[in-house]
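Both of the next two complexes hold subunit A, though its partner changes from subunit B to subunit C.
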Partner chain A sequence: MSSYWLPTSIDGFLGEIKEASLLHFILEGFLVAGLIWFIFRKSYKSHNVHSLSKEEEEKIISEWIPEPLVASTPLDHPALKPLVVTGKAGHYIDVNGQRCLNLATHNYLSFVDKPQVEERAIESIRKYGVGSCGPRGFYGTVDVHLELEEKLAKFMGMEEACVYAYGFSTVASAIPAYAKRSDIIFVDEQVNFAIQKGLDASRSRICYFKHNDVKDLERLMLEFESEAIKNPRKAKVTRRFLVIEGIYMNTGNICPLPALLELAHRFKCRTILDENVSFGTLGETGRGVTEFYNVNREDVDLIVGSMEWALGSIGGFCVGSSFIVEHQRLSGLGYCFSASLPPLLTAAAMASLEEIEKNPGLLTALQEKCKLVHEALTNLSEFGFSLSGHVKSPVKHLYLINPPEDMEKHRCLLHDISQYCIKNGVAIVPASYLDHMEAHPHVPSLRITVNVDLTPGEVEATSKLLQKASSEFSLS
Partner chain B sequence: MHVGGHGGANPNTTWLKSRGMWLSYILGILVLHLIILSVPILSVAMAWTVTNLIHNLCHLIFLHSLKGAPWIPQDQGDCRSLTHWEQIDDGTQFTKTRKFLFAAPIVLFLLTCFYTKNDTSHFIVNLISLVIVTVPKLPQLHRVRIFGINKY
Partner chain C sequence: MSCLLFAVGAFGEPERLMRTETKAVVPKAAAERAERCRYEGSGALGDADGETCRRPNMATEGLLNDGAHQLKTFAVNGKHALNGVNGKANGVFHPKKNGHVTAHCNGTTAGVPQSEPKSRSHSKESFEEVPLVTAVTTYLGFYLLVVLGYLNQFLFAPPVAKEKNRKGYVPLYNRFEQFYSRYVYRRIRDCWNRPICSVPGAEVVLKDRITNDYGWTFQYTGLEKKCLNLGSYNYLGFAEATGKCAEDSIESIKKYACALSSSRQELGTSPIHLELEETTARFLGVEAAITFGMGFATNALNLPCLLSPGCLVISDEKNHASLILGLRLSGATTRVFKHNNMKNLEKVLRTAVVQGQPKTHAPWKKVFIVAEGVYSMEGSLVNLPEVIALKKKYKAYLFLDEAHSVGAMGPRGRGVLDYYGVDPHDVDILMGTFTKSFGSAGGYIAGSKELVDYLRVNSHAACYASSMAPPIAQQIITSMRIIMGEDGTDEGQKRVMQLARNTRYFRRRLHQMGVIIYGHEDSPVVPLLVYMFSKIGAVVRTLASKNIAAVGVGFPATPLMEGRIRFCLSAAHTKEQLDYVLDVLEGIAETLGLKYSQLPRYKGVIPYEDKIE
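Let's turn to the complex of A and B:
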């Protein structure tokens, strides 16, 4: 065994190193010099390093136009004449003191003013108080949350559900929990604003396909596939998602789910289905668009629903396999960092859900009413209105057949029609969008929502009123 | 799993800045060297070369090959394309941690040269391993993938 070599004297050391070649020393000298250079460099940030020249600075300063904190508002701005709703927004609604038939708020199954639901909420206040005091993972979980999750999962026939405190943030959190920067998302161009915010937050590459156009989606997917063949290593780490809505809030159409799922299966996409309108309205027992088309619910990876429309409460939920849903409990930002749903609203949602389970006749009644409204509004085509939306959809959009060229005038006209209807006892509102923030422009429309309590007489009266409005504003 | 509780979007590298890190690192190399030295068939020169090679292999794997973070950081997958070296101090160059990790293989190489008495075959092997771990540490090669190696 060799002993540890240590030079015993300077001569010994020099003697040893003389044996090595000169090249070694030159290289070692370079290394030492390089190391010293490295150690004495000042640190800097590798990106975002750009300094402006004097001229560029001047240019930017001269281009800046200061904006007043509060801009002057035109006197006819709608915000100056707000519609004030008093009391419950049930089948009838009081707008500015005028009693109106409610075709404006989403209350499809009339759970908003149902006494049973109200009682359960009041009972819950007596037991738990009003708030839940914290996020789900931080003292905010109450037994009713777990109970509701279990009920929802059972109702939808999936493994697990998680409940969010706010419908908007449900899908807006669920999408970025799974889709990350290097991923790609295929999405319908008419998806609602919450989905669009989720897409923004995901930082993924977004591919919009034409509304309900399976051919266009296939084209996009084939395009991506050819890209993937060119660069298989990149494609291997790119996850693909398909995001669709059951019933599109912005058009009232039902998605062609079987065809979409087939494509998703063919191109190995994970599917996220937003059922905010279709949950509790479509299918014989209200289980949504999957029941409507009778497709296997497990073929959809994640179903997102809202409890704010059909269930008449607040909040949203995701259902899927435990493996998928569990991920959100630590990665869904809206789930982790928002105070949980107040127990009273959880109890109310549960009461509504039980009602749907107990009484599937509600769904048939709603679908009949949808059909009734659809027929009544389709007949308005000779009065200058065209209707969009599926017969069974509780959300319908009325478009003007001959709208003014100017977008602003178009919107004003719809606003005036809405005001006219409200004055005459029917609450109808134009669909409102944040136009500058929407990914794709929406044609302005009047959005009609169907309520299960509508009577044929009321539908008839509404139709008559819109005919009158048509002649009032000379639409036809 | 999501990370939380400390405010950093990606805490994958902050531990490198913690107190006693440099001392632990040096002690780690020393322990590694002593273990190798205790293998009877290895000469001192061989032990130094093996120490150096293992050290550089660790740098290559953990600093320059593995990408991303072991948990889900709140950066929407920003760090998924970055090696650990590139994530250090959020990409700021010439920080203390970077200087230390840059100096470590060089100092170890010089020591190895010294203890192998500049033997040419040892020298060549050690130099190659040194080049492999120092070149990707240069700021000019930040986020650069030569020949697309380890790009995705």
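Let's turn to the complex of A and C:
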């Protein structure tokens, strides 16, 4: 069977070759040469040092002097002489042996030294021991974890919750579980450090908007939108996220949630809301900023909370729809690859949560105290202090109105004021920041936390003490 | 559907039988191959040689062919050795035959001083290449699962929650990822996340659950089931609800409450933290230590402040996710070296130091080697003496993550440094966790006072994260004192010995059984290779039905082909308990065809002995 496209004889073949044009030959020659080059070429590598001899290499190695392991630390840094708290950090706290009113630890609802909470923790040790000895996947899921997750989900009125072993790692793992390299995240510039680390880990494009400034966010989103129109193919795979805090740890302000959510909805952004301070402190029953604004919680995609502040335990949690939260059980780094929360701390958090549920009056009391402190400290402006933070926020920042120019001196002055207050029986500490690591610089401040057990007398005394401190350090 | 899957798994059977016939020939052939490798070195013979000598640099160290023409020693990748190497054939140890021939093929290790501990480590790592037929069937099995999964997805709508009110949004998840978790992982999803409701001690009570819809959802039956626990990281058996540790922790709750609700730099430091840090430093034999509330965060939040752009990190390919996250956050350049392969490490290190930074060729600011003590998925032990020699030669710093090894390794339970008898000052940064051997939670970084002071000031965790819970800290202090014998008893020493004994015994018995296990013979993490995805499920389920709790690990946590069951031994296990597990495993290995090992097996009785070498 002769096929028509095969030359029937050698002569025919040669004839065909003769007939072919020269151009054909050159073209095919190039193709073949190109193919050979393509096959045999070395894969791309930088060959800058290929000619170094062994001696030269040895010389480089022996001459190289690495930097020391760590930079030297100033020996007088306050972190090296930490304030030591003996006993429980409750309403009152013993700092370096001095009994103080506690305006420094985040024990908003006084659950840290509540007997019910302690009892539950002790019971738990007697049943489960201390550690869980494994990550959630590998026999580290204890029934109390499931119970707490269910309770949290129910408390927040959402489908599902997952519990992390550490507050810091919660939001820092939750963000990169969803946001990836090609995505864009809009984020408030005053967000806490854990969020910043989560943003870094996601490797997404980060757009910071001015603190609580909805207009600025809108501007950024419009900018992005116009970019997206230019490159629709890319925009089609770019997920958009909005990351905000309920109450900002770094300023004490409450986010304008309804306006933010509206924008997020308009620009099809998913929202991650960090409620590490606002959970258990805001809203009539402690459900956080969503309750405060009476916003439909389903409009927020993921709510991240901490059990380390209001609940007086350790750990963090995420709540949201099953569609969202379930994903973290396989993709949340801090969830999958870390040992689970020790059962005793889980039990303690659960006991606190039950207290909040049982006794919503706590919340009204706390908010009253927040207001009390707010009013007392706002009046200090003539004494050189300015207060930031929402009236109902349990975290407030006290700034110096006329601070020293030099940053270092500014910090030292605040440290001295803090020492002065502690000496006089009120524990107030400067908010600690790693300034060179933060995305945006923070103005140094004294962070005041509000405890539900504060009395008007104590607040009054604190205000008096700060006035005294003002004249002591001539602040006004 | 599951019949089909098992059909794939069952291909293992005839292949195994076939192999037993050819077994007598294999060692000789392999020995010859090894000989060739030894002399022809990095020549081109590599690939043609198939399974055992695939890469040219693999068969370079520790070759020995004893008189009986049997391959005894065969170090692969400079570290892994076939089962029963250096005179230790499947469970029996002949120290005298431990001939160590070093570095024939590659001159680069010449500068590394040879020391006794190192040769020991080489000989004690167990590793065996996957048989070709198994590799093929594993891939086939996986592809079958994927194809069936796609078919399933095409035909039926998955009964999962859908996103509501997010129309027009960019899809949140990667489609393959979602497919994988729904149609591949879901089939054996019941093997993970099993809730417990007791102390994770030698025995653990599992909450019984069933699924009526092939793993989409689970329902709790309300029943409980007591299982032997080979899944938890309870190496020294300190997961206890009674006894001194528990009592002390309870006391500390009464004294300090459950938490301080503040960071270490603010008001989160209590005397218990200072005591813990002082005890940890004493335990490890270093100047100072700093502790953190979570082990994962110890890596993720401290590496970034130790490193900066312009630094180079040379990281083991099997390093834990927390280390990788920490490195990613630091902005430093990261290069990876092959798992525990010292020659590869030296190559990467040398090239890096000589070439400097890419493009500019400016010298690196600092070079770090990041390795783990015991690798949690491989069971292997870092070749510490050689790493230290290399680090000194190239002026690099060493970050050693002892998450799984501290407490569990060494005659005094002080970790891999203790095991090798290395001076703690030779390792620049010692990191470890308290979750495992101490039955608690959290982590530490220890080293020079300068390092620790720097971290106290600059660590993200010290500045922002809340401090460790007092009862958690107390558990560590008490258990650490017990290990050190400071409680006046030899309880701690007994536990360390018991773990070492259990480890040796369990590993030798598994070798004898003919299954392939990875890792160092003294490592309490014992991965048993089952390769196939379906077999992971089958083994974990069968073990559970016989009241044994073990962990299965598969893709993506391991390479696709290396599905495994991981056993974590504990000092709390008794010989009887281990014997029971081994008997059950023998049966499973027989039915499921897990006896992949091609090495000769020791026929005698394996002693359960006290001796630790």
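What we mean here is this: the second predicted complex is superposed on the first by the 396 of 476 C-alpha atoms of A that agree within 3 Å, B and C clash if a C-alpha of one lies under 4 Å from a C-alpha of the other, contacts with A are read in each partner's own complex, and residues count from 1 in each chain.
Assume a residue touches a chain if its C-beta (ideal position, glycine included) is under 8 Å from a C-beta of that chain, and two chains touch if they have at least 3 such contacts.
If you're wondering where the values come from, they're calculated on a predicted model, not measured in any experiment.
Student: Touching A:391, do we find subunit B (first), subunit C (second), both, or neither?
Tutor: A:391: touches no partner chain.
Student: After lining up the shared chain so the two structures overlap, which partner does A:461 touch, if you call subunit B first and subunit C second: first, second, both or neither?
Tutor: A:461: touches no partner chain.
Student: Per the contact definition in the header, classify A:201: touching subunit B only (first), subunit C only (second), both, or neither.
Tutor: A:201 sits against subunit B and subunit C alike.
Student: A:141 contacts which: subunit B (first), subunit C (second), both, neither?
Tutor: In the superposition, A:141 touches subunit C alone.
Student: Regarding the shared-chain residue A:236, is it in contact with subunit B (first), subunit C (second), both, or neither?
Tutor: Touch partners of A:236: subunit B and subunit C.
Student: Under the stated touch criterion, which partner chain does A:167 make contact with: subunit B (first), subunit C (second), both, or neither?
Tutor: In the superposition, A:167 contacts subunit C only.
Student: I want to verify the contact counts: of subunit B and subunit C, which reaches more residues of subunit A?
Tutor: On the superposition, C touches more of the residues of subunit A.
Student: Tell me which partner A:61 touches in the superposition: subunit B (first), subunit C (second), both or neither.
Tutor: It touches subunit C, and subunit B stays clear.
Student: Applying the document's definition of touch, where does A:412 land relative to subunit B and subunit C: first, second, both, or neither?
Tutor: A:412 sits against neither subunit B nor subunit C.
Student: So in the superposed three-chain picture, is A:443 touching just subunit B, just subunit C, both, or none of them (first/second/both/neither)?
Tutor: In the superposition, A:443 touches no partner, neither subunit B nor subunit C.
Student: Common interface residues of subunit A with subunit B and subunit C?
Tutor: 46, 201, 203, 236-237, 330-331, 336
Student: In the complex of these two chains, what residues of subunit A are touching subunit B?
Tutor: 1-5, 16-17, 19-21, 24, 27-28, 31-32, 34-35, 38-39, 41-47, 176, 180-183, 201-203, 233-234, 236-237, 330-331, 336
Student: Please name which positions on subunit B make contact with subunit A in the complex.
Tutor: Listed in rising order, the residues are 1-2, 4, 40, 43-45, 72, 76-78, 80-81, 90-95, 98-99, 102-103, 106-107, 109-110, 113, 115, 117-118, 120, 123, 127, 130, 139, 142-143, 151-152.
Student: Given the complex with subunit C, which residues does subunit A contribute to the contact?
Tutor: On the subunit A side, the touching residues are 46, 48-49, 52, 57, 60-61, 64-67, 69-73, 75, 77-80, 82-90, 93, 95, 102, 104-107, 112-113, 117-118, 121-122, 125-134, 136-143, 145-146, 159, 165-169, 172, 178, 192-194, 197, 200-201, 203, 236-240, 268, 270, 298-299, 301, 308-309, 312-314, 321-324, 326-327, 329-331, 333-334, 336-339, 341-342, 344-345, 348, 427, 429, 431-434, 437, 447.
Student: Considering the complex alone, what residue numbers of subunit C touch subunit A?
Tutor: My answer: residues 160-166, 168-173, 177, 181, 185, 192-201, 204, 206-207, 229, 231-234, 238-242, 245-246, 249-250, 253-271, 274, 293-297, 300-301, 304-306, 320-322, 325, 328-329, 350, 353-355, 358, 361, 363-367, 393-397, 428-429, 433-436, 438-441, 448, 450-451, 453-458, 460-466, 469, 471-472, 475, 549, 551.
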